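What follows is a single structure, and I will ask about it in a moment.
Residue numbering begins at 1 within each chain, and the chains themselves are lettered A, B, C and D in the order written.
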Amino acid sequence: MNPVNYLYLAALLFSIGATGVLIRRNAIVVFMCIELMLNACNLAFVAFSRMHGNLDGQIIAFFTMVVAAAEVVVGLAIIVSLFRSRHSASVDDASLMKL
Amino acid sequence: MSFPLLTLTAAVPALGAIATAAVPAAKRTAAKWLALFFSLVTLALAVVVGIRFNTGSGADRYQLTESHSWIADFGVRYELGVDGIGVALIGLTALLIPFIIVAGWHDADPQETGNTRWRPTQGFFALILMVEAMVILSFEATDVFLFYILFEAMLIPMYFLIGGFGDRAHAGSDENAAAQRSYAAVKFLLYNLVGGLIMLAAVIGLYVVAGTFSLSEIAEMRAAGELEMATNTERLLFLGFFFAFAVKAPLWPLHTWLPNAMGEATAPVAVLITAVVDKVGTFAMLRYCLQLFPNASEWATPVVLVLALISIVYGALLAVGQRDIKRLVAYASISHFGFIIMGIFAMTSQGQSGATLYMVNHGISTAALMLVAGFLISRRGSRLIADYGGVQKVAPVLAGTFLIGSLATLSLPGLAPFVSEFLVLVGTFARYPVIGIIATFGIVLGALYSLVLYQRTMTGPVKLEVAKMPDLKLRELLVVGPLIVLLVFLGVYPKPVTELVDPAVKHTLSDVKQHDPEPEVAAK
Amino acid sequence: MENLIALLVAAPLLGAVVLLCGGRRLDRTGHWLGTLFALGSFVVGVVLFMDMLGRDADDRAMHQHLFSWIPVGGFQADVAFQLDQLSMTFVLLITGVGSLIHIYSIGYMEHDERRRRFFGYLNLFLAAMLILVIADNYLLLYVGWEGVGLASYLLIGFWQHKPSAATAAKKAFLVNRVGDMGLSIAIMLMFTTFGTFAFGDVLAATGETSEGKLTAIGLMLLLAACGKSAQVPLQSWLGDAMEGPTPVSALIHAATMVTAGVYLITRSGAIFNGAPDAQLAVVIVGAVTLLFGAIVGCAKDDIKKALAGSTMSQIGYMILAAGLGPIGYAFAIMHLVTHGFFKAGLFLGAGSVMHGMNDEVDMRKYGGLRKYMPVTFATFGLGYLAIIGFPGLSGFWSKDKIIEAAFAYDDGIRGWIFGGVALLGAGITAFYMTRVMLMTFFGEKRWQPDAEGHEPHPHESPKSMTIPMIVLAFGSVFAGGLFSLNESFVHWLEPVTSFEHPHPVISVPAITASTVVVLLIGVAIAWFMYGKRPVPVTAPRGSVLTRAARRDLLQDDFNHVVLVRGGEHLTRSLVYVDHTLVDGVVNGTAAGVGGLSGRLRKLQNGYARSYAVSMLGGTAVLVAATLLMRAV
Amino acid sequence: MSATAVHSLWTTAAEPITKIDSPQIEYSLIAPTLIVIGAAILGILVEAFVPRVARYYVQVFLSVVALVAAFAAVVALAAGGHGTTESGIVAMGALAVDGPALFLQGTILLSGLVAIFTFAERRLDPEAHGNRVDSFAAQAASVPGSESEQAAVRAGFTTTEVFPLALFAIGGMLVFPSANDLLTLFIALEVFSLPLYLMCALARRKRLMSQEAAVKYFLLGAFSSAFLLFGIALLYGYAGTVSYAGIADVVDGTVQNVNPALAGTMGNDALLLVGAALILMGLLFKVGAVPFHMWTPDVYQGAPTPVTGFMAAATKVAAFGALLRLLYVVLPGLRWDWRPVMWGVAIATMLLGAIVAITQTDIKRLLAYSSIAHAGFILAGVIATTPDGISSVLFYLGAYSFVTIGAFAVVTLVRDAGGEATHLSKWAGLGRRSPLVAAVFAVFLLAFAGIPLTSGFAGKFAVFKAAAEGGAGALVVVGVISSAIAAFFYIRVIVLMFFSEPKPEGPTVAVPSPLTMTAIGVGVAVTLVLGVAPQYFLDLANQASVFVR
């Protein structure tokens, strides 16, 4: 199967993730959308790695997973603290600062 | 490396500023005397500069030069040197500052007491000295970048002087006055800053073209023909420079900041603005615009002359229409700056010598008129002409000095301004008869606003509010007297200044490749 | 000897400085000092005069070079004096009459607490006037020219507490400034044409340039002369100038300053000789003014204003004469001198009358004063006879010559016109002067107690005032005859002004005769109007012409409407423009940026998701742009 | 049947494993980074094992020592010529040690050190229950206003974790500008971003805003890094490698032994262009360029002021460093594509930053927008694509970072009951109350405004000069105009401080400890020195203006 299709898939996933970031209010969901984008990137890496026949892409994918994990740690910490102090995880509620 | 006289002349007031600022709050009077002392030392040094300067025909263009590497990366050197014009203006600056300080002796005494941190008096005099230092150095600089830096930097102390120490005699409530004052200060700063920034672009452009900022190097390059500027480049750069100077000068229609600034500032600061700082603008036109961009200057001459003409007439007419004494003087100054700029761009030795002389004379005459006006205002506590009348009967000396100031402003023969104004007119007429003739109307309008001012304030029945007005005190006489003597002296014997200026003017004219038009009938 | 010339100026100048800077401590002695300095200058003048007489006609001119004033490139102005016969004539007139009037003022200003300053100003005037007449170049002349303007400004406005005085002073200075404009332009023209403006060089080189240039210079000089000498169209200030103390009117606005214009034109004779058109203009101005002044003089009830009108008209004669060229210059100056005597005398007389009448100036409130103040009457009378040109008195000699010269303008119609005008002027002069005479000294007394109820007690003035009047009266009687003895005056001036005998269109005796007839007619009419019938205390409405004449032939109203009002509107609108337009543009820009800022600020709405949108959009643009760049 | 035969039925012999040669790391050359990261890890251990009372002191000591040591290492490397002649690629091509890298690392370390001082400041807030407290939350985990929070305050807890966090961030920032392949770039980005996200949330006062800032920063940051990553993926896809040199070769078409796959992707410029654009976007987000700037005002306002100062200074330095390397090392062959785009970005950034700042009423937001405008100015230098461009940007970053930290340090001093009084109206008449503080702040503002004799002017002149020489005259003009606009609001603050009457219930100016004083003092000193005699540092920047490839 032509690896290019995987790229299309990756692009699709990435776009879905980005759209999700834009349209979803719940901070957690937004965050998951971002994770989805990261995974789309991973897919792209792997696909390219296969096309070029070298392992760099796959290794990068592993790195990305680690980074994503780290982001989860930090992100959840922040979001949860926000949730606890506001009793809402809506990103739109967090708009004290504007203009 | 000879003795750095020029650096010293600029350094003394700077040190004075620091010293004055350092005086503790309680020792207010000490600060005043300290400032006066330093300003006098500066004056002495300026005199030395004048003596050491050689006006002989074979003498160098720039003398007492100093040159040190500064920011090699920007092609910037710390280069000083003076020509006759510089000497004259340094003299003017150093001369006026002591009078300004004495005149403003009590202007900055703090109203609220107890606040030991707040030291307005010290600040006031320190700022004045700081301005003096920067102005003098800007007259000495022979490096475009160095000049630009000072040209910009001097705005800051001026800004604080205008905004921080407003005229106590204002119309309306305190907040209102504070608002007007900071409006004036901000207007002053923004106008000049915008001008300066546009100049910055041109300065960078100049570097891209010439690769150096040193006047001497640029002159050499031009002489060797290595400095080729595309016509449009030169014109753009010229405009960049000229714009900044025209704002500073100020030239119509960039003038509107001056009346606000002079109106809101205390009289001594107003003098500092118009008699000292603004001269940097006209000086720079003469030195930088003409010298760096001769062809563009020639190209721009017609427009500039017309603008100058408009300034002359327009400023005079608006002066007639003013209700505020200080604003009136401001518009009068705008008219006079029109004459100066016209003289510079007439491109004749009479015009340019006249213009330089005009800078000096206008400085002295405005100082005389404005400071007396300040004394008057401080007595009555109002700037409105309508609030005065019949002062001449109760305070004849004040009125007399005021009259002499007005007569100087309308450039009466026998007083200094006449010489310069006539030279400018002749110089302009010689090359541009029509413009010269129209400009001559300026002398009628000048008489109009000066005499109207005098009539409305000094003559007529004595107004109740001025009935108790005391005449000039000794301190005030000490300020005005010498200025008037100078006005008369320079009116009768301007030769020292003209001799000082002549060689420099010749150099400038040769920069722009111009010669005085020959008279139709060869004089025998 | 030459070195004395500077002393002429130095003495009164020193006097002015001392008196004005001396402060109150000089109040007691100030007037004596001032007079002393004036007399000193006069003495120097006389000494120089004697010396000058001692030499033969052609090397009488003396020069004194003090120092180089404004040396800039080709522009070389010196402070240097030149004393030739013409200047000398003026020096004597100025210092002589000046000294007399100083003496007169001692009495006249006795009760004024600012007398010291008055004398200071008078000295200042003398100094300036002397600079004017002995300068050896036009620029220095210009200094004197404006100097006398300043002095007259200060003296007209001497009673500054009176708004009318202050206004009159300002007006005088401004109108003069318009004239000065002409002078400065003339000097510029000279500089560009001849490269110099020293009398010697310019006047010698007139032959080498075009007539057009000379005409231009001439017209500019004429403009200057009009301003200083109150000639149409710049005459309006002279009437108001009478706000000044009477001695001032006598010295400055009758005898000396106002004649400076005549001096200027005579001095520049060489230029005018080369420019016939300019000369014609001069003659026309002179002719018009002499009628104008005369007519105005007929209608005024204010004695000083009436005399002012007459001054205007007499100077008209001089200007006319000066415009006639070599045939006229000498007579212009001669009339100037004689006029200096009798007009000064008349003014001093008027002053003396006012002095006795509580400063009343309205002639309708005089009447029959001759028995109260005989000396004044006598001297005034002699002056009167002199001015109307009564045969044998000064005025007759000088004016008659001018009329002859006027008829000699050319042997065509112009000669007739100008001659006729001059002749007519003589008649009108006789009329209005007789009117003044009658209304003041004849008829029955018409004065009533004023508001506070004290009736004026007319009385003769003190010696210090009468003596100068007597001296001037002598002058007015004999000067003319003296000058005309085998044309001594003409020959005296000839080296400077050159002289040709006029050839009038009709014979000289005929002219003389007709002059006499005309003046008799004038006197007669006046007698019928003001001598036989009693003079009404309140002025009758009078004919249109009379009313116009009372208002200076509406010329002031014109100025008021056109210049003053117009100017006010102009300045007011300009102030508005400056505020709204010039300033508005800048403030508008500032406001615009501010508004833009306010609007852009709204984008920062605080919602993280909209930020994300902008990021995404930005990215899209970035990508699109990059691809596009490659595409193009 | 033999065993082999049997074997061969269901097994096949794999190829003998070729041994992987272990990577060799030039530890001495990357010492600065290692020191800082190591100290950070130590810091975590300190949190774990050192008693609470001592932690603060240990942490401060540790971080200061680490940063000083790291800086010393940088200086040593520079002295060893690694900035110029000896510069090279290290750690298996992961990192570059060259002039720009060392210069920026030095800048980051110094500003980091100064920032640590402001972190450690404990005299500004009034003592809570007898404990000196800094500007960080007593216990970040506790809900604002809750019991537990008060308990934490009473117990005198402080979040000493900020120090190791800061060290991690600094470590990441050290790597960022010297990263020599895209993977390292990405990792470094995350390593310094994640701690910053956390630090934003740690404010002691106004915690809601602080947390909001953290969330916004985190979400948007993660969002952007996702784009960055995708861009990396595309570039990798295009060039088949993530090493800068490799990609550059492919872009320039000077690559050897092209295998068919590479040949296939090389032809596809879309991969290259889109990838490059996405990576650019990621970096522009970090430098706060329009239109990726919108996080800046909110985060700057919400974060604890010392953190804001640190972010504003160090992040910009690191991000611009990376941007420079990317554009000058990887994509020079592409400059005809990215220059116009960057032009647009620069212009938009300069103008928008200046214009929007005019109407700001909060001093921190004001400074945020001013930092946006400054990003625009620096971009003008970046676009020059000349050696002068590099050096001018380096110089500007050095000058700018200290002014920024100093300015924010001053902001921490002006306080009222509710903590820092950041609303402009509260600053009215400050010049009367405490002329010195006002004067210092005025100096910083004038430097921001680029008034001559301040470092701001020297920097601005440098970048504009570079831009003009690089043929971007128009940018200079726009820059000049926007600095004119910008001047307006800096002046406004000065007017407020000096020319308007002080309010009766105005804020007080706290007297700081030597720490903050040092921070401010350094700021002033650098501002004036770089303003009056910048030559030495310009030379430094010039020497450091050569990238290694």
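Assorted remarks:
Note that in this section a residue touches a chain if its C-beta (ideal position, glycine included) is under 8 Å from a C-beta of that chain, and two chains touch if they have at least 3 such contacts.
In this text the structure is predicted, and so the values were computed from the model without any measurement.
Any chain that touches chain A and also touches chain D is listed here: C. In this assembly, A is the chain whose CA centroid lies farthest from the centroid of chain C.
The chain pair with the larger count of C-beta pairs in contact, out of A-C and B-C, is B-C. Centres computed as Cα averages put chain A at a distance of 97 Å from chain C. Inter-chain spacing, taken between the CA centroids of chain B and chain C, is 37 Å.
Averaging Cα coordinates per chain places chain C and chain D 81 Å apart. Between the Cα centres of chain A and chain B there is a gap of 65 Å.
Shared interface positions of chain A, defined as residues touching 2 or more other chains, are 18, 21, 30, 91, 94-98. In chain D, the residues that touch at least two other chains are 215-216, 219, 223, 227, 297-298, 488.
Within chain C, the positions touching two or more other chains are listed as 590, 601, 604, 606, 608, 612. This structure has the following touching chain pairs: A-C, A-D, B-C, B-D, C-D. Across the complex, chain D meets chain B through its residues 432-436, 446, 451-453, 457-458, 461-462, 464-465, 468-469, 473, 476-477, 480-481, 483-484, 487-488, 491-492, 495, 498-501, 533-535, 538-539, 542.
Chain contact summary for the complex, chain A toward chain D: residues 7, 10, 14, 17-18, 21, 27, 30-31, 34, 37-38, 40-41, 44-45, 47-48, 51-54, 56-57, 59-60, 63-64, 67, 70-71, 74-75, 77-79, 81-82, 84-86, 91, 94-98. Chain C makes touch with chain D in their complex at residues 590, 593-594, 596-598, 600-601, 603-604, 606, 608, 610-612, 614-615, 617-619, 621-623, 625-627, 629-630.
Across the complex, chain A is touched by residues 601-602, 604-609, 612-613, 616 of chain C. For chain B in complex with chain C, the touching residues are 190-191, 252-253, 255-256, 314, 317-318, 320-322, 348-350, 353-354, 390, 392-393, 400, 407, 412-414, 418-419, 422-423, 425-426, 429-430, 433, 436-437, 440-441, 443-444, 447-448, 451-452, 455, 458-462, 492-495, 498-499, 502, 516-524.
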